[in-house]
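Dropping the structures in below, format is structure tokens.
In what follows, chain A forms one complex with chain B and a second complex with chain C.
Entry: the complex of A and B
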């Protein structure tokens, strides 16, 4: 308690240098929170979008289905058992059928994935209700990225060619019934959504599916032969990418933090040198050497406390503002392979703020402890004479 | 008279380069309660070294120094800190006030270390400031004080805890004659009223005029130890 009071006085007495240290440290503090807030916000948004548009409460996969292996699609399908069909009718599950195909936009050939979805499904946000036949043609839905990619818009015709269950090639023209906007690349790029029943007929796979997406109310786990994949399982890749983004940012603010800590370290070394007589006097007045080490160490912590207060002063309105209006990504890159919105709304959780406070206080305490340790080995008579090197 | 400080066969050597320098050699002394005594001698004769060892800021190389029953050589850091905090007051040539604290806080410091209750502490600090006549400067900073006032604050800081022994190393060296007499008067008064033992290290004639015992050092040896009739007394 005494040490904290002393530290405050000493620090405030030190003037401009103190202010500089505190300013840099507070800047590091705010940037750490802001950066992690952006990534957490992005993570939250990406998870929410992925859940709403692609994975629901989890998915039931055909046992041989491997989303990364296109060749597996050919065999990864099975008819729905009565129990599973009952769950589908209750709205707990919605089946998706997947097949590889080629599309011919503007005469070019391009590999695509066909996905059959029930137009009446309510589990995913994909606007499957737009899949209504027009002039007897099969309707297709594509995402806006795909639309840009193949230069198609609503009402255009697209020729697709596929192999059915028996390996026989077949082809037809579908009509683009709608283009949807969404941030989840895995349901957009290279994907063409068709009415489930149409795709079943095209592939000669009546009543079959590759996977089923679970809705809010889904209660079961596995359902023979389907293997249940939980949200966590399906979001693992996303989590991995988010973690690596966090790591990348840590280098930048880590550098900022290091600069601030070096400044504190330097100030401490200088202050121990300059305040030798004071140190000797503390000891003469009856402090132990370690108590004096404590005073100087606490000064470092007080730097961080003042930095946090200063950071709160200008950081709180700043962070609040960014959380409200969001942060427009300089170039919303589509090749990141994960969901990324054009505007991210940072999320500053209590945990993030608490962890950052602990980090900043701990780090600055340690850098002031390191030079202060020297005091413990000090000869008080040398200190009183100002003879320490 | 019962002695509160005993020094037997004290020798102090400092390592210097590859060899050693003997700063104190075979010192034998004893001091009783209420003494007003000075170590005098030329610069480098060992006055400060002796005062530091008595003050448990340094340790003997050989011999035994006992202060208030504590053997200085055998105290741990913690024990010697406690001895200084409770029983010893230091006054330095350069005052050594804490620049960022007010006069009041400087004086209060040792009592905070003793964890004295706030009300008692406040009274003790105000008493000490009254002794040295600086009640009106309680909220000034050391930088705002004159030299004489600074040293009086240092005396108040040392006296506030009512130590048994005061160790004053060249307390007047930075003061003019008027201020020197002022602080010496203050210290002589405290010695008289509270029976505090004062040990000075000095080569200042003005200090010597107040002393009742003068111990002369030369090259780390005691060359003379004589009782004096002080030429100056408190209040005169």
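Entry: the complex of A and C
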């Protein structure tokens, strides 16, 4: 208790120098919480959007389907067995058929992926209801990125060419029935969504699918020949990206924290150098050397406590405000190929704040202890005389 | 009078029908002209794009329809690039990277050097008589030459084009124009053949213009500057090892 009282008295006595140390440390404290909050907010939003728009509760893949290998698309399709078809009718699964094709917007050729989806499905958030047949023309749905890319809007006609199951060319014009806006680029860029039955007819693949998306009520695992891919499996890439972003951010706020801690370290070194008489007096009054080391170490820790208090003073409203209005990302960020919203809403969990407090206090205590260890080696008589050692 | 008409019209019809050769016969004669045991030719490919045109020259060695080896000679950017086709496999060697890559799957749909030809167009090497049943649907004069107009309908499931329309020179049995249609009837590609010359006893078109009808642009002109048939082509040319030599 004595150590804490003395520590407070001493560092408040240091005036402006103390204020600078506390200000820098509090800034690092707020930045750490903000950065991690942004990453956590992004993580939460990206996972939620990917589940809602693309992967559902998991997916059943054709055994040869590899989303990263376009060459696999040609053969990765199979008819649905009676059991699987029954699950589709119960609304537990929704089939998706995938094929490669070429589109000809404004007379230029562009490779695209055709995806067939049941217009009546309720598992994914894709507005597939817009794919209900209209005026004998096949309706198509595209994402906003794709719409920008091929300069198309609702109501426009788009010519597409594809090869059916036997390799025979076919072509027709589809009508853009809607442009959807979503944060999951893997269902948007370079893709055209068509009614499942139309695509099956176009490809001469009646009753077939490439994969099935599982809904909340799906309880099964693999369903011969389909291989079940869980949410964790399908989100693994996203998790890795977020981990790497977290790592990259840690370097930046780590540097900020190091600067703040260096300031505390310097202050401590200076204090021990200038307050030798005081150290000698403590020892002469009966304190052990390690008790004196304790006083100086606590002084360093008190910097962190004051920094946290100061940080809370201006950081709390600031962080609350950022959580409320979000952080708008530059337009190009949404084209990076990963799920990222145009505005990220940081999430500041209690665990994050507690962990950051522990980190700042622990780091300050350690950097205060390191120079204070020198006190244990001081000669008390020389210290009392103020002799530099 | 009525009885005479009944007798004359069928007779005229049979006479006219008898004069036009059978469509499959026409197709066979076309294939006799167009195919050979082997062939060596030098060519210029003029690609008319949106931003102008560029010319690529190449030398090609081919045996039947199954094997071919092409070396690009100019421009400097393409010089040294080699392409080898063996049956249904295709490899490209790029001197810049010193790598040989196999073209398959979706890459086959890419255009060859930015032209209106795709790699898969080059891979379609079956004889027309094997894939299509032909029907003569009329006669037309094309660029001053009488032609038989044939309609080719796929008789196998895996034909690349469900229907083709071909204008065949009635005297020289060389196609002068061909339209390729999608299953749904959309015109996909058009080929115009010209500069027909007699080479080593056969009629052969030396200029072919390919046009992807779904794309903008002026098409791709393919001119053969030197053609030799039935040459001694070393077998090693049709191996992957020859690509790096």
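General observations
As a working rule, the second predicted complex is superposed on the first by the 382 of 389 C-alpha atoms of A that agree within 3 Å, B and C clash if a C-alpha of one lies under 4 Å from a C-alpha of the other, contacts with A are read in each partner's own complex, and residues count from 1 in each chain.
In this section, a contact is a pair of C-beta atoms (placed from the backbone, for glycine too) under 8 Å apart; a residue touches a chain by one contact, two chains touch by 3 or more.
Keep in mind the model is a prediction, meaning the values are calculated, not measured.
Superposition note: with chain A as the common reference, chain B and chain C can be accommodated side by side.
In the superposition on chain A, A:70 makes contact with chain C only, while chain B stays out of contact range.
Within the superposed three-chain model, A:153 lies out of touch with both chain B and chain C [touch as defined at top]. In the superposition on chain A, A:381 makes contact with chain B only, not with chain C. Contact with chain B, but none with chain C, is seen for A:287 once the two complexes are overlaid on the shared chain.
Of the two partner chains placed around the shared chain by superposition, chain B is the only one that A:277 touches, whereas chain C remains out of contact. One geometric descriptor of the composite model is the angle centred on chain A: between the Cα centres of chain B and chain C it reads 150 degrees, in steps of 10. In the superposition on chain A, A:48 contacts neither chain B nor chain C.
When the two structures are aligned on their common chain, the gap between the nearest CA atoms of chain B and chain C comes to 72 Å. Overlap of the chain B and chain C interfaces on chain A: none, as no residue is touched by both. Looking at the complex, you find that chain B touches chain A at residues 52, 55, 57-58, 77-78, 81-86, 90, 92, 94, 96, 98-101, 105, 109-110, 112-114, 157.
By the touch criterion stated above, chain A contacts chain B in their complex at residues 2, 9-10, 12-13, 277-278, 280-281, 283-291, 379-381, 384.
For chain C in complex with chain A, the touching residues are 104-106, 109, 111, 154, 157-162, 180, 182-184, 186, 188, 212, 214-217. Contacts from chain A toward chain C in the complex involve residues 70-71, 73-74, 100, 102, 104, 106-109, 111, 159, 161, 163-164, 166-172.
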